[in-house]
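Same chain, two partners: chain A is paired with chain B first, then with chain C.
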Partner chain A sequence: MMKLLYSYFKLFLFFSIFLFIMGLKFMNKNYSMMIEYEVLTLNSSSMMMVILLDWMSLLFMSFVLFISSMVIYYSAEYMAEEKNLIRFILLVILFVLSMMLLIISPNMISILLGWDGLGLVSYCLVIYYQNMKSYNAGMLTALSNRIGDVAILMAIAWMMNFGSWNYIYYLEMMKGDSIMEMISYLIVLAAMTKSAQIPFSSWLPAAMAAPTPVSSLVHSSTLVTAGVYLLIRFNFSLTDNLLYLLLFVASMTMFMSGLAANFEYDLKKIIALSTLSQLGLMMSILALGSYKLTFFHLLVHALFKALLFMCAGNIIHNMMNCQDIRYMGNLMEKMPMTCTFFNICNLSLCGLPFLSGFFSKDLIVEFMSMNYLNIYIYIIMYISIGLTVSYSFRLSYYSLIGDFNFLSLNVVSELSMIMLKGMGGLILFVIFSGSLLEWVMFFEPIFICLPMVMKLMALIMIIMGMFIGYEVAKFKLGYSLKSLKFMTFSLFSSLMWNMPLISTLGVNYYPLFLGKVYTKIFDQGWHEYYGGKNLKLLAKFSQVSQSFSRSHLKIYFLLLILWVVFLLLNI
Partner chain B sequence: MMKFLITLLFLIPLCFCYNYWLMVNCFFILSFMFMMNYSFNNLYLNVSYLFGNDLLGYIFILLSFWICALMLLASEKIYKIDNYYYLFNLMVLLLMMSLFLVFSSMNLFIFYVFFEVSLIPTLILIMGWGYQPERIEAGIYLLFYTLLVSLPMMISIFYMYNCMGTMMLMFMNYQFNLLMYFCMNLVFFVKMPMFFIHLWLPKAHVEAPISGSMILAGVMLKLGGYGLFRLMSLFILVGLKINFIIVTISLVGGFFVSLICVYQSDMKSLVAYSSVAHMGMVLAGIMTLNIWGFWGSLVMMLAHGLCSSGLFCLVNIVYERIHSRSLYLNKGLLNMMPSLSFWWFMLCSSNMAAPPSLNLMGEIILLNSLVSYSSLSMILLMFLSFFSAVYSLYLFSYSQHGLYYSGMYSVYQGVFREYLLLLLHWLPLNFMIIKSELWVLWI
Partner chain C sequence: MANLPVGLVSHTRRVQTLYKKAVRSLEDWYDRREVFRYHAVLMRQRFDQNKDICDMRVAKDLVEKGEKELFEKQHWHPRKFPESPGGVAYGREVVPPDWVVDYWHPLEKAQYPEYFARREERKKEFMKAWEKKYGKPQISTH
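What follows is the complex of A and B.
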């Protein structure tokens, strides 16, 4: 079993390095390569399996493979006591495979292979543990993602107008066309479900029911970034109205999840919400028109978020599967290495200068400041950045320093070498990948010209966020929590603006109720009444005609008279 | 054609040989022999004595051979406890013969005759090997829903002969009126089944033994689609005017039935209703009268035949262990039969049109056809597609996830035969997409 695991680790690592080098080569020479396999041609519109290799797909694949190789290596220890380890590993491999298929196919039909595959395999991974919570979370995840699948199916139906489903050929040429607009609306809907933007964001924290290595994979580089990646590919066709809509939704998502993370006490959920807010950031910068920056942030975020989850997994493993951050504290002394990694990732997430997150985030907010936009976007973007810092610091204060609040009988130690090695494989990239990728991806520097205050705004927000995070994290015995004073607001925010309620209880009543109505009234009601049960009517008819053949003389004569009458009428 | 018919005829004595694998293998060999008969051509081939087949008939005959072989493979229990095993074999054989004749006849009247004949072995399967008293009612429903509308069809066949002077399907060239449209096609609508007249299907499925369910879902429903394919060219003018009604009924009905599926607690009835929803989409595709709709319907029927038959097999495998089809008792099966759970997932996901199944291809082609027919149908199609995922996942997760039924003392693992059975459902379902022109280009 372990042999299988390590061989996949080696395979993925090898391919990751290979694809990285290929990606650099392709980027340098500006190559791209398309491989088409024709599945079916109907009326000269051909359904194809297309593989597109350009620098973007190669680089993304190399990152995904690198992260997943580390995660697989890590899960050798994390899942060591799992009974069905083979099932777990194969599911993870399938998951990575689906992501690969999604990345390389620029065709609406062949992308379904990866897109649906991601949805289904993530469902299997979320319901991996046999309890009610993971069951519900899995159903929510799968069905939210299914909305996106349906949107893609509809986009396929509309795309038949172009006679092919290779969308990259049509994006720029058909921009502004009403059919293309329809298609891009549907695609944005699909991307919003996969990337958990606002009406659909409740599945992302719920999917935390999956085992931690899976969360680390799902929420960093694979599932949730699929939507962003699809929009990166599609961004040439998005019209202005659509971009404004997307910008609004994405910025709201970013703000909402940043706020919710400040009220959350579940370690994994905080990190999941932070993923959500970073996804909002990526989507908003995409909507502001720079897909390259989106891609940049996507890659960088994938690295530090994967590591963050792996650290969280190690902590949870040591805390006897307790995820509540109120039980943690002073872990810095107990598990220094993990906490160092954790801290570096957190600071990188905050955008502290010269860690990897800084390069992408700073560029994004400056790019946004350079745009001529309304004050709403400006404010909500900076507030969200501040909120990111705030929840990160709150998390650090809660878990890393302070008093140790766990049970008095505990074994919190850092003896798990395999997990640490898996995490150590990522840490260098968390630190350096920002500058590295910036040098590689942006041949000419992006022109930024801002006044002093606006330039410093990002740093100011970071410092304010630090302060708020520090303040929020203060708690001691007999201390009345500040958020109790505005109970409704804090409930509202910590429940992600009631979205989990709306997207579970809010939507599942009516379909079930209608199912009951249709069963009772249609299927077992009118259909039976006018269908099967009315066969008795036939029996009644035959009763009547039976009475003719009884040898009653009167009826016989009556029939004779009738016969004569008909005869006469005929004449 | 005669060679297969004669082969089938001479299999009759073999039915009375008490040998399970002999019969199964005979059917498999027959289906592979038939597979070799493929011609890469959509003309009528192998013509003899009013029988012959083009690609459409070929596909359905192949499907019937395959499903009949799998039927025998699935009902080993009848062999084990010798529940009139000889007669069972004979019934399957007769069914296969009549299906073969239906799909290969080039004469409308012969088609009609064997269309009706195929009902009798099915009825006997349900009445004879079903396991509850309600099977009598189910049998009556099955028989009378079909018979009630098939007699008008017979009369209209005579009228057609009067008008056209021929019964040969390829010479038919005429446009009939509305009355003829309904007299002729209503029997196919019942057989499909269209929403409103689908009542016999869940009943028959619930009461039927596994073999009956498999053949019902796998081939019998496709008879309706086959008949519509063959005869729709006679009703183009009237069809252009009123087909939208049928499209609407079947799409709306498909949506309603999907919701009914979510309400079910009986696994078999859930699968039965899900096939009503799928066939609704097929019917809508045929009724659009465009070429994409015809192609898509064929692919969807083929896919649905394999997929839902496979799901029935799964339900039966579980039933043979737990002795219940209720979703409240069949829980946590993952803990008992993890490998079977894999097949549950594969077939459920195929049922919700996940790639790379033929269902997906059929659904894509049908979506193209229906959205180009009317973009309003998009709304219903979205619901249909979404809820197909809902009930498939509901079936999978309710039966596989969670704590298993505590009243269960012992259970035996899946045996090789069962995994073979499921593999043989799944393999064609997901691998035929690689060279899918073969299954599409029949027109």
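What follows is the complex of A and C.
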């Protein structure tokens, strides 16, 4: 079994390096390659199987493969005691395959294949553990993503008017034509479900019921960025109004999840909410019009968030599945290497200068500051950056330093070499990939010209976030607890603005109520009366009509002639 | 099942339950041990203040107020050990019991003829051993 794992690890690593080099070459020469197989042409609409290879798809594929190879290596130890290891490995491989299909296809139908594959596999991975929580979370995940699948299906149906589903040729047309604009609206809806933007964001923290390697690969770095990737591909077709709507939703998502992460106690959920916040950041910079920056942040974020989850997994594994950060503390002493990785990722997430997150985040906020936008976007962006720092420092405060809060008899230690090796494969990239990607992706520097205060704004917000994160988490004897004092606010924030309630009970209640009414009135009322009870009338009628034709050859012939006459009349 | 409201609960036990739940709730809120101990002492003092009240109407009123306060101040994410009910890893691994195999369809069983032949043998041996040890099962009359 382990042999299979390691062979997949090697395979993915090889392809990842190969694709990375190819991606750099394609970027350097400005190549893009399209491979078309014609499947069917029917009534001037052609069905093609198209593969698009350009620097974007190659780089993204190489990153996905790299992270998945590391995660597979890591899960050799994390999942070693599982009974269903084969199922796990096959699901991860299937996930990687459908992700590949999604990345390389510029065609709506093959995108739908990849997209649906992602949804299905992610459902199966969330319900990998078989308790009630996983089941509920899986259902929420699958049904939220189904909305996006349906949106893509509708976009496919609507694209019939173009005569082909290779959207990449029609992006400009979609923007110009008021009827075909519908497609870009549907695509944005689909991307919002996959990337868990605001009305649909409750599924992402719920999906943390999956095993941690899965959260690391699927729910932080690759699957959730599929929506962003789709929008990067479609970004030429999005109209201004749509972009403003997207900007609003994405900035609200970013703010909401940053706030919720400050009140959460589940280690994995905090990181999931942080992912959500970064997705909001990506979406909003996309809506501000820089798809390249979005892609840059997507890649960098994928690396450090995957590693952050792997560190969290190591901690959880050592604490015997305990995810509550209130039980942690002083892990720095017990698991120094893991905590070093954890800290580097956290600081990269916060945007500490010259770690990889700094290059993308700093560029994003300064690009945003350069635009002439309203004060709402400016403020919410900077507050969200502060919140990111705040929850990261709160998390560090709770888990890394202080007193150990778990059982007094414990075996928390760092003896899991395979997991550490898997994590160590990523750490160099977490540190250096930001500067590397910036050099290769932005060969003409982005010109940033800002007054001193605006330039320093990011730094000010970061320092404020550090202070607040520390102050929120700090405890002393005799402090009155602020989250208890302002209970309504903290409850509201910690429940992600009641989003999980809205997307479960809120959408269940009325359909179920209507179902009850229909059952009562139709199934057991009118239908029962006219259907079940009065079917014997129909039977009686058919008896009569049968008696006509019983051994009456003349009537048969008459009917035949009548039928022919009707047929001729119709022509 | 223990929380089903069956039978009478004496006032003393009601207060004790409230006290225990209140301290558990404090544990959710104040997550550093020494801070929690401090607040637990304060909570104990609040209970001790009213321990000598003999008027049942007042005492009952106080308990009801306490229960209401406990409900209003319950934590959104109570502390749970992962393997205990309500915890994250509760019931994660479901191991199907052995008798499930007996309910396979005959066609399914036919896929593994040797295994099932031996399984039937083993079942017979097991029944023999059981009957030797405990005697024949009595057939109940009702």
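FYI, the second predicted complex is superposed on the first by the 515 of 571 C-alpha atoms of A that agree within 3 Å, B and C clash if a C-alpha of one lies under 4 Å from a C-alpha of the other, contacts with A are read in each partner's own complex, and residues count from 1 in each chain.
The rule is short, and it goes like this: a contact is a pair of C-beta atoms (placed from the backbone, for glycine too) under 8 Å apart; a residue touches a chain by one contact, two chains touch by 3 or more.
A quick note: this is a predicted structure, and the numbers were derived from the prediction, not measured.
Of the two partner chains placed by the overlay, neither chain B nor chain C lies in contact with A:N371.
In the superposed pair of complexes, A:N534 makes contact with neither chain B nor chain C. In the superposed model, A:N241 lies in contact with neither chain B nor chain C. Contacts of A:Q130 after superposition: both chain B and chain C are touched.
In the superposed model, B is the one of chain B and chain C that contacts more residues of chain A. With both structures placed on the common chain, the touch criterion links A:N28 to neither chain B nor chain C. In the superposed model, A:D266 lies in contact with chain C only, and not with chain B.
Contacts of A:M320 after superposition: chain C is touched, whereas chain B is not reached. In the superposition on chain A, A:S547 contacts neither chain B nor chain C.
Common to the chain B and chain C contact sets on chain A are residues 130, 132.
Touching chain A in their complex are the following residues of chain C: 28-35, 38, 72-73, 76-77, 79-83, 88-95. Per the touch definition, chain A reaches chain C in the complex via residues 83, 129-134, 209, 263-266, 320-324, 326-327, 398, 402-403, 405, 475-479, 481, 483-484, 487, 490-491, 494-495.
Residues of chain A touching chain B in their complex: 39-43, 47, 84, 87, 109, 112-113, 116-117, 120, 123-124, 127, 130, 132, 135, 138-139, 142-143, 146-147, 149-150, 153-154, 156-158, 160, 511-512, 514-516, 518-519, 522-523, 527-528, 531-532, 535.
Contacts from chain B toward chain A in the complex involve residues 140-141, 144-145, 196-197, 199-200, 202-203, 256-257, 259-263, 291-292, 295, 332, 334-335, 338, 345, 349, 352, 354-356, 360-361, 363-365, 367-368, 370-372, 378, 381-382, 385-387, 389-390, 393, 397, 401-403, 433-434, 436-437, 440-441.
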